[in-house]
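Labels for the chains are A, B, C and D, by order of writing; each one numbers its residues from 1.
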Amino acid sequence: MDDAELIALLGEGAHGYFAGGAGDELTLRDNEASWSRIRLSPQVLVDVSSRDASVTVLGQRLPHPVVVAPMAYQRHAHEDGESGTARAAAATDSTFVLSSQSTTSIADVAAAAPDARRWFQLYVFKDRQVSLDLVAQAREHGYEALVVTVDFPVGGWRERDRRTGFSVTHPLAINPTGESMTTSELFAMHDPSLTWDDIGEFTDAAGMPLLLKGILRPDDAERAVDVGAAGIVVSNHGGRQLDTVLSGADALPPVVDAVAGRADVLVDGGIRRGWDVAKALCLGADAVLVGRPVLWGLAQNGQAGAEAVLTQLHDELDTTLALLGCPNARDLDASFLTR
Amino acid sequence: MDDAELIALLGEGAHGYFAGGAGDELTLRDNEASWSRIRLSPQVLVDVSSRDASVTVLGQRLPHPVVVAPMAYQRHAHEDGESGTARAAAATDSTFVLSSQSTTSIADVAAAAPDARRWFQLYVFKDRQVSLDLVAQAREHGYEALVVTVDFPVGGWRERDRRTGFSVTHPLAINPTGESMTTSELFAMHDPSLTWDDIGEFTDAAGMPLLLKGILRPDDAERAVDVGAAGIVVSNHGGRQLDTVLSGADALPPVVDAVAGRADVLVDGGIRRGWDVAKALCLGADAVLVGRPVLWGLAQNGQAGAEAVLTQLHDELDTTLALLGCPNARDLDASFLTR
Amino acid sequence: MDDAELIALLGEGAHGYFAGGAGDELTLRDNEASWSRIRLSPQVLVDVSSRDASVTVLGQRLPHPVVVAPMAYQRHAHEDGESGTARAAAATDSTFVLSSQSTTSIADVAAAAPDARRWFQLYVFKDRQVSLDLVAQAREHGYEALVVTVDFPVGGWRERDRRTGFSVTHPLAINPTGESMTTSELFAMHDPSLTWDDIGEFTDAAGMPLLLKGILRPDDAERAVDVGAAGIVVSNHGGRQLDTVLSGADALPPVVDAVAGRADVLVDGGIRRGWDVAKALCLGADAVLVGRPVLWGLAQNGQAGAEAVLTQLHDELDTTLALLGCPNARDLDASFLTR
Amino acid sequence: MDDAELIALLGEGAHGYFAGGAGDELTLRDNEASWSRIRLSPQVLVDVSSRDASVTVLGQRLPHPVVVAPMAYQRHAHEDGESGTARAAAATDSTFVLSSQSTTSIADVAAAAPDARRWFQLYVFKDRQVSLDLVAQAREHGYEALVVTVDFPVGGWRERDRRTGFSVTHPLAINPTGESMTTSELFAMHDPSLTWDDIGEFTDAAGMPLLLKGILRPDDAERAVDVGAAGIVVSNHGGRQLDTVLSGADALPPVVDAVAGRADVLVDGGIRRGWDVAKALCLGADAVLVGRPVLWGLAQNGQAGAEAVLTQLHDELDTTLALLGCPNARDLDASFLTR
């Protein structure tokens, strides 16, 4: 499906919200381009008759390193919404991250996809109790990790939303009535005063491993380790917050160096192909998050569409492991890249 | 508004004069591209609930670092002309620089925008008395700094003007009757024999801090400090003078090093977004000048249009400070850039 | 002929199979671009009245360094098929490599082009006997070298074939009945468990010099020397296997260094012009393989078309030797490149 | 005039011959791009009220550094032909170089433009006497330097001419009857066996300073000095001989270093603007040759058109000297370039 078809399907407002990035969308494009620029250097004559894409994240073995990124308002993509995506993740053995801005309740997603490995993404709102309630629900309904997003003190500068005036009309945990709210109204609920000192409160409340999502600098990665994060997601929020920030691919290596194995490092932004996933692992990531591609799958064909996208990613990764001559994903390292 | 609409609005002549650059307009394009190429490296979990964009320039605290660049013949953009732009600057707490080639008198602009922080830009003409008279008027009418433009010994090679034969039909200080004059006739009045030795005369006449605008080399920046300039504007005149000169963004860092705090350093050329402003500050600039965007705002909607452009720039800068995790503009430094 | 004409001629299926590459075809394009990026530095006032493009490969003098790459299913390009290409090679004194996936039998090609310098390309199938039989036939019918392709443990990720569902309808050695098989069915016959230890079996069976095709890394090149390969073909399989692997041109120099003359080094991928051939030799290659251009010649005009393409390549190389001031191809070295 | 208009004017054949380059025309485009990539770093507050573009070449003061490159078959561009161009050169104080492949005789050009500073470009033909006769005529008719072109042992690979079959129908010194000859027939007359040892014969015959045109390497430049050349023209023949050779701009600096003042260094290829001329001088060239732009001027409007082009180049150079703050062309050096 090309842009025009997606717009016809979703309307300009939702499409713009999903597809768009901050400012002139330079980082949005650079996210994809940075992975493409990296060149692979495959090895031959290795027995690749059986491949194993599994990785260990948060001490747990995952069958493969693809995690579905938290994405807001999925019912605006398709009525299957977050439940459809979660079921698609379950069907493909992917990890699913539910957004704080979900258009399906924490309980309903859990009920719809009880077998899915589910994590919960947390936004810290000005009204802290709202956030703490979300954590409590996530805990109650078997979510296994808390992903605290730290790159959203204020809303990004998104011109498509300004143009379309996109507003969310489905009920949300933070807007249970579902009265129409623009994204900037919703963004205004985020707490811009959040600091490192506040993280402890959520680690305590979570009772599950905590990851910090939205880190791009090695010094911040070290502080994350210091405050007890079990993992870090190197991310520029899909190019949606501040335009011209560096890409996840470019930010990753220094963060891996700084963390030095003391926490898991995940990365996202612009990962579109199984070989992008492999490159992230070669650069030291433990797993990756994939956002928009899953959303486009959902938009086109609900749960089945999201599933097809995830299946293709896994197949591409499997092919990549074979053609790199590296049958085990955990053996991917910088020797498979040039220079 | 796109180019075609602006041409319809302004006519080819004025549009070409405003939009155009020298030669093949490579520097014109490179000006914007150089800012875009720089990558930001944001910090997270800093309390950014209140942001402060203020900077200190010429010993004075400015609420934010955006200065409206001196631009000639603004009545050809809109009947509000320089008064409209000055009032827009006042309304947005921006600094306004009036061009020597203003289509509104120094006195009238002062009367129209008494509260605006106004600086006066000086061209030194062959007939020095014309220039000295301008300085005297600026002094009399409360302009607070003198910006002597030094990159205009002769007119740039502007092919759009050659093609359209654009001529100025509004009265000017240096052509009070308003009889139609082409830009090359007007440019011929500039004094190509101006040297460092002549600057003292204007420092004396000014009775206000003097900035030299149009410097691109560190050695020239040092001489500017030596002759007593309070500030320097790193500028290639918006790509309008000599094509393929280096961009302001590329010229800035060596100049900052050479000046070493002995004068204020401003920069212009291709700054289009609040994050470009932030990058300039990260590279050591104290403030920035913004040209064409303000002019397009004026062209579209007079004072209100210029105001909208300036407001958006400030909002973008505010968002940038929040998303960089650097709530105070004065703390921006190279640590927020990658490599 | 442009793409549209070729599609009209061949149908989308065969055209997509021939023209296409893996994934987003970034490596496919980079293959050509990498040769184009290299800059030549010609010498003047050398007597170039007679030029000699001959090289020594596998101990044998070849009149020029152009080898026709093994390419599958050539009857889908033109009814002349592999026999036409082999005759074109003979007519132009080129070396011809017959693919394991030939739509003409080993014997028939030998009969059709008895004078052609013929090599045989081997795929090692899960059913090893199929491969050993191919080797025996090649030996029997006067093929002079065995090119074992090692970059095909599994099929590449080729989206054009997925889209068109291209299937092979001509009889093949490994599908003698010619019942329609898709490429992925055919690819599934390849043996993904092949390792360095298995190469000896084919060296023994061959009774002719063995080359390993599909090597991109210096460490693999050294192992190839260690297992007794007489030659190496630096190749990413025309960008058809794993997208974003490095180009042949970029992979070549480190391989040449690692091999250090202990085996012949050939290279392919994106060589389109006689000056590309010369550049490969400047970088240390002993000869080059050329793929698609020959196929397009065949598609357009059968044997004569392939011949025309090869003749042009030789003429371009001859002109290059003259204009580089290097009349003997064996004297080409890095001094004819800049930096 | 754009390409379509020029084609309408000249026909595909002549237009293709004039505009075209070798192969895929990558060097043709790179020639222009290399000058454009170089960034200028202007100086301010220098008295530039009078500019002097003069340079010293072959011991003679030239009012400015622009030389009209030797170009064949100018009557195919306009009936004014070489005489028109020579008169345009005289009118603009430019130096004119007459090609060996002139469609106007050496004597007639001299008669038409007696005041023009005229040099003669020599091709050495298989029949050496033809070349020696040309030299004798040049000497007799007051040509002041002999430019021996050394990058043409054989014709370049020019696909436009192959396609159009362009043939020359005007009388030439080497084809006095004017019977139609294709460029490849004409090129076949060049002597590919010419070496350094043969240069002496022409130095002796010339009785005027000799320049070698078509040198790109520092080692060849040194040999040129050794055989007594008074000057060198760094040139890739306008991208018409071997595609993907390095550009004149890129070749120039190492040649300047190697020559170290022992001969004059000129450069050509892609110089389109006065600031390109200045850049060449900054990089150490003593003068530049300009080809196609003059030809397009001639094609459009005969002598007057060529004159207009040369006048614009001089005006642009004059403006460049003013805006670089370097009023004397002889003071241009690398300090006016960045990095």
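Everything below uses one rule, namely that a contact is a pair of C-beta atoms (placed from the backbone, for glycine too) under 8 Å apart; a residue touches a chain by one contact, two chains touch by 3 or more.
Every value quoted in this text rests on a predicted model; they were computed, and no experiment measured them.
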Set of chains whose contacts include both chain D and chain C: none
Same vs different contact residues, chain A with chain C, by half of numbers used: different
Longest centre-to-centre distance from chain C, chain (CA-based): B
Rounded Å distance, chain B centre to chain C centre (Cα mean): 59
Distance from chain D to chain B - Cα centre to Cα centre, in angstrom: 42
Chain D, residues touching no fewer than two other chains: none
Chain contact topology (line, ring, star, complete or other): ring
Those chain pairs that satisfy the touch definition: A-B, A-C, B-D, C-D
Chain B-facing residues of chain A, complex: 23-24, 26, 150-151, 153-157, 191-196, 198-199, 212, 214-217, 219-220, 223, 241-246, 250-251
Chain D partner contacts - residues on chain C that touch it in the complex: 36, 38-49, 273-275, 279, 315-316, 319-320, 322-325, 338
